[in-house]
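Have a look at these structures, which come just after this line.
Look for subunit A in each of the two complexes below; its partner is subunit B in the first and subunit C in the second.
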Partner chain A sequence: MDRLTSWIARAVFVFLYLPIAALIVYSFNSSEVSYRFDGFTFRWYAELFADRMLLEALRTSAVVGLIAALLATVIGFLTAFALVRFRVKGRAFFVGAILIPLIVPEIVLGVSLLTVFSTAGIPTGLLTLVLGHVVITLPLATLVLMGAMSSLDPSLSEAATDLGASPWVTFRRVLFPLLRPSILAAFLLSFTTSFSNIVISTFTAGVGTTTLPLRIYSTLRTGLTPELNALGTLLVVATLGVILAVGVSQMRRILAGPTTTP
Partner chain B sequence: MNASRSARRGRIAPSAAGCLMLLPALAVIVLLVIVPMLVIARDSFAISDPLGGNLGGFTLDNYAKLIDPVYLKTLGYSLGMALLNAVVCTVVGYIVAYYIATRRASLQPVLLVLVIIPFLTDFLVRTFAWITLLGSGGPFISLLRAFGVDAQSLVPSQLAVTLSLLYAFLPVAVFPIYASMRSIDPSLKEAAADLGAGWWQTHARVFLPLSASGLASAVMLTFVPTLGVFVIPVLLGGGKDPLVGNLIVTLFTEFRNEPLGAALSMVVLILMLASVAGAGLLLRNGARRNRATRTGAAATGAARTTATRKAA
Partner chain C sequence: MNKKVLALGALTLASATVLAGCSAGGDASSSGAAGDGSLSIYAWAGEIPDSVISGFEEETGITVTVDTFDSNETMISKLAAGNSGYDVVEPSQYAVQLMVERDLVAPIDQSKLEGFDNLAEKFVDPSFDPGNEHSIPWAWGTTGILYNEACTGAPVTGWKDMWNPAYSGKVYMLDNMLSAYIAGLQVNGLSATTTDEADIETATDSLLEQKALLGGYNSTNYADLVGTGDACIAEAYSGTTSATAVENNPDVKYIIPEEGGTLWTDSFSIVKGTANEDAAYQWLNYTLRPEVAALVTDDASLASTNEAALPLVADQSQVENPAIYAPAESLQNSEFIVDPGDALAFFQDGWTRVRAS
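Here is the complex of A and B:
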């Protein structure tokens, strides 16, 4: 049985990379229609960089992702810091509240946000997109940072205080350097989540603030183009870049918890 | 055990600063999550005018309309698909997590990162890659033809929807199961074998109960987002067999019937909360059994047993 499950697991790894491999191979396909493989070309990459609407959507996604990830990381840091370091009344309740966006289907969050924005007379656009993305990235950033902070030895900051460091100096010289990799990880995880979000964006984007996934989706409804394969390939490469930037071990800790056995 | 005590150690009394730090998150949760959901709860009882406007007031009409077979069929189909996908993701995720957790220590991070790469790849890219893979003239169809099978494009098809749902959410299931499995003492496997347990017994009585919390998270984390999916049925299912997500989007954006859409959203929300509560209940029972199992596995040492007894 162990051999059988091992083979299933190996087959799953193949399954995980088959679509990505097809995407990459077909992005160099010289055939107009993605029907068959005709030969090798860089043409679609060139067309990609000439597509003004796609580039505009890319810019919107980058701007929204950067602002939302920055806000989520800062707010998440403050929240994690307060929850881990202070004795807060109703702590469990607060942690639960932070996790709501993870257990409510995104589509319900999306329609309710849209309803509130339209009731309050806030026009959909960059602002509403950023707010929507903060909602879904905040729980992730907070969880990553809470995990990192609670695995820090509290005696480190006690030692700093004993040595005469003010709270601010303790934070700047001790806590911040130790937490820097986790802060970067929280930021990049928030950014990628925001960047590839489609459900919340469908409801919170306005005219003129089309994000990249929304643009891709509307293009796809008329059919898959080789240009999209080229774009997908670049996004896969960018994902690899993000994982390398965060660091493999850091990534593993975020997604599967700390390495030490409890 | 001591984990909670040591976590509490070094925690200082709340100050004004501490409370201020929680304010931004509180504002986000209240203003952008709780208030919107209350508004949609209220809207679900509002009277809609024939042009799709929201007239306010109170009526149960919207919920009554949802009893229409068309809506019930979609809701049932979505719940079935979401449950099927959650179960398949969790079973396959369990196998993959077990495989990773039983590799040698240096190989484990590499395998986990191999799971992370597709997970962090853009959701839509992951989805449309299946169009290339299964579409007419794509590698899969070409391969079938080479073997003499007269195959047509598999997009759109039910199979394409099912496969891409599994593909989209499988990594989400692997992480929590792996996390809970990694803390299982590997000597338990040997102990079970020494006591004459076969493969099934080792899993059913040792590994499954001990990774129950990871399995429950995996089910939740795949069930909830599958219920909200609306892109996959459109792109890979050709718009046939819509999921409830498609219906909500259509009600809000095309039919502009906000009260009806709000009512449908509330139904999905309530179903979701019920399943979260159910999973929580199962998990608590699982944890109780879990402790019993650990205590039972006394072969692994008295230290563990005393520790668990203390915790219980």
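Here is the complex of A and C:
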């Protein structure tokens, strides 16, 4: 039985990572068609860096992702703080309302956002794109941070207050360091969600703000090129880099012990 | 008391952040408004080569922003919502009709055009836009058959081969209603632009019958499937994808079915109420030049609507490749797929039955 489970686990692992491996291998394929491997080349990377529209889309996605994730994390932190720490009136209603964007189909959200923006006379663009992405990332960030905050021992901040710390000092010296991993998690989760979003972006993007997924999706009719494999490979490498950096810094913190020097 | 202050502070901070985000975003998105030497184009991906855009920018000093859409429907819905900010769009032929009907595109002042007579005859005064009042065709192609001769064993000549039980499980159709009906109608000797309920019913029956033979509906990687032989025969669009498949495998061929052909064309139209009308006309005139139009074949492997551009294409084998430029004789009976109007309901009804069977 144990053997079987371990083999299933391995098979699932292979299934998950095989496409990524194929993507990386084919990004170096000198053939234009994906079914034949002709030899090693950097040609697709060269074409990628010459593709103005694709790079522009990558930049848009990165900028929108960063702004949206930052907003979602800050607003999510404050919301979670208020909902966990204070007896806010209509708390259950707020918690429910925050979850709704997770449940409502994205296409409905997208259409409603576009309707609101066009009724209000706001031209679609970076602003509407960021707002749309905040709508879908805020619930995620709030949920992550609410979970982290509820599991935090309230006596820690009470002790800090007892020792004469002001609320701001308590926050800065006690709460924030303890919540840092969750804040980072909320930020990264929001960023990835925003970065990969297609549906909301379709409706909220405007002049000059075609995001990377929109750009890739729109190339379907004239055919995907190996250039996209090269782009995918770079994104995988970048993601691994972030994971490693986060992992290393967390390990350092764990190894160094719970010192909270400002 | 302290808690109240903190909660209030939190609220202020949250709203301040949102407002800061708003104004920052607002500045960025408002650049490119009213007639300030910029041009925003909403187009199909891969149909306007970078070389055309940078050439235009260098010559005119106008900054061009190109955004791409995945379907005519997405593009129309964004324009219909208003405030899209686009000056020029690139609808397909039936989408031109829909946009004219919904009053989304501006009439083109023919007196401001230079080089209009460079266009090939079949794109002047086309059925979907009489007098080119609202559209100037840019790229074109056909809907035909891509097949792998190593797999079919014999040359394929028409739609009837897509009903050949010998290829069972290796036949692929485009995952697009009107495109699938081209085959369904023409295989029965009917017009691909019919709006007759009985004709559409006949086509639906043929498509239902064909479904048993299908490997699937596929609009994305059919060219790879035909290349590997996983598909013997597939309904296909000419252009970049099919041209690549034909170039990479001598067994892969692209043909216009003998039962008749159909054309698609993507045209430039000026959005109604644009603030950059002058820039839009400069764009139309720039893209009507033969040396510029030739770039769509050189750099995007698509057929140009510009007759005068053909001799200027750097790689003349592209002009002779039927997967890019369909031979003139195969286009004699070809028509543009136009908006079916009220008959759309018959198509949708039939298509639902085909897909559900």
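Keep this in mind: the second predicted complex is superposed on the first by the 230 of 262 C-alpha atoms of A that agree within 3 Å, B and C clash if a C-alpha of one lies under 4 Å from a C-alpha of the other, contacts with A are read in each partner's own complex, and residues count from 1 in each chain.
Rule of thumb we're sticking to: a residue touches a chain if its C-beta (ideal position, glycine included) is under 8 Å from a C-beta of that chain, and two chains touch if they have at least 3 such contacts.
Keep in mind it's a predicted model, so treat the numbers as computed, not measured.
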{"item": "Superposed partners subunit B and subunit C on subunit A - clash or fit", "value": "clash"}
{"item": "First, second, both or neither for A:Val130, with subunit B first and subunit C second", "value": "second"}
{"item": "First, second, both or neither for A:Ala46, with subunit B first and subunit C second", "value": "neither"}
{"item": "Partner chain(s) touched by A:Ile122 [first = subunit B, second = subunit C, both, neither]", "value": "second"}
{"item": "Touching partner for A:Ala22 - first (subunit B), second (subunit C), both, neither", "value": "first"}
{"item": "Which superposed partner A:Val237 touches (first subunit B, second subunit C, both, neither)", "value": "neither"}
{"item": "Which of subunit B and subunit C A:Leu228 touches, first, second, both or neither", "value": "first"}
{"item": "Partner chain(s) touched by A:Tyr217 [first = subunit B, second = subunit C, both, neither]", "value": "both"}
{"item": "Partner chain(s) touched by A:Val169 [first = subunit B, second = subunit C, both, neither]", "value": "neither"}
{"item": "Touched partner set for A:Ala97, first subunit B, second subunit C, both or neither", "value": "first"}
{"item": "Greater residue coverage of subunit A in the superposed arrangement, subunit B or subunit C", "value": "B"}
{"item": "Clash with subunit B (superposed arrangement) - responsible stretch of subunit C out of 225-233, 243-251 or 333-341", "value": "225-233"}
{"item": "Doubly contacted residues of subunit A, that is, touched by subunit B and again by subunit C", "value": "33-36, 74-75, 78-79, 81-82, 85-86, 88, 114-115, 131, 202-203, 217, 220-221, 224"}
{"item": "Sites on subunit A touched by subunit C in the complex", "value": "31-36, 50-53, 67, 71, 74-75, 78-79, 81-82, 85-86, 88, 114-115, 117-118, 121-128, 130-131, 167, 202-203, 205-210, 214-215, 217-224"}
{"item": "Interfacial residue positions of subunit A with respect to subunit B in the complex", "value": "1-2, 5-6, 8-10, 12-13, 15-20, 22-23, 25-26, 33-36, 74-76, 78-79, 81-89, 94, 97-98, 100-109, 111-116, 119, 131-132, 134-135, 138, 142, 150, 154-155, 157-158, 192, 195-199, 202-203, 213, 216-217, 220-221, 224, 228-229, 231-232, 235-236, 239-240, 242-243, 248-249, 251-252, 255-257, 259, 261-262"}
{"item": "Complex contacts: residues of subunit B adjacent to subunit A", "value": "3, 7-15, 18-19, 21-22, 24-26, 28-29, 32-37, 39-40, 43, 92, 95-96, 98-100, 109-126, 128-133, 135-139, 142, 167, 170-171, 175-176, 178-179, 182-183, 185, 199-200, 220-221, 224-225, 227-228, 230-231, 234-235, 245, 248-249, 252, 258, 261-262, 265, 268-269, 272-273, 276"}
{"item": "Subunit A-facing residues of subunit C, complex", "value": "2-3, 6-7, 10-11, 13-14, 17-18, 21-22, 24-26, 28-30, 32-33, 40, 44-47, 50, 53-54, 65-70, 74, 78, 81-86, 219-221, 223-224, 227-228, 237, 239-241, 244-245, 247-249, 300, 302"}
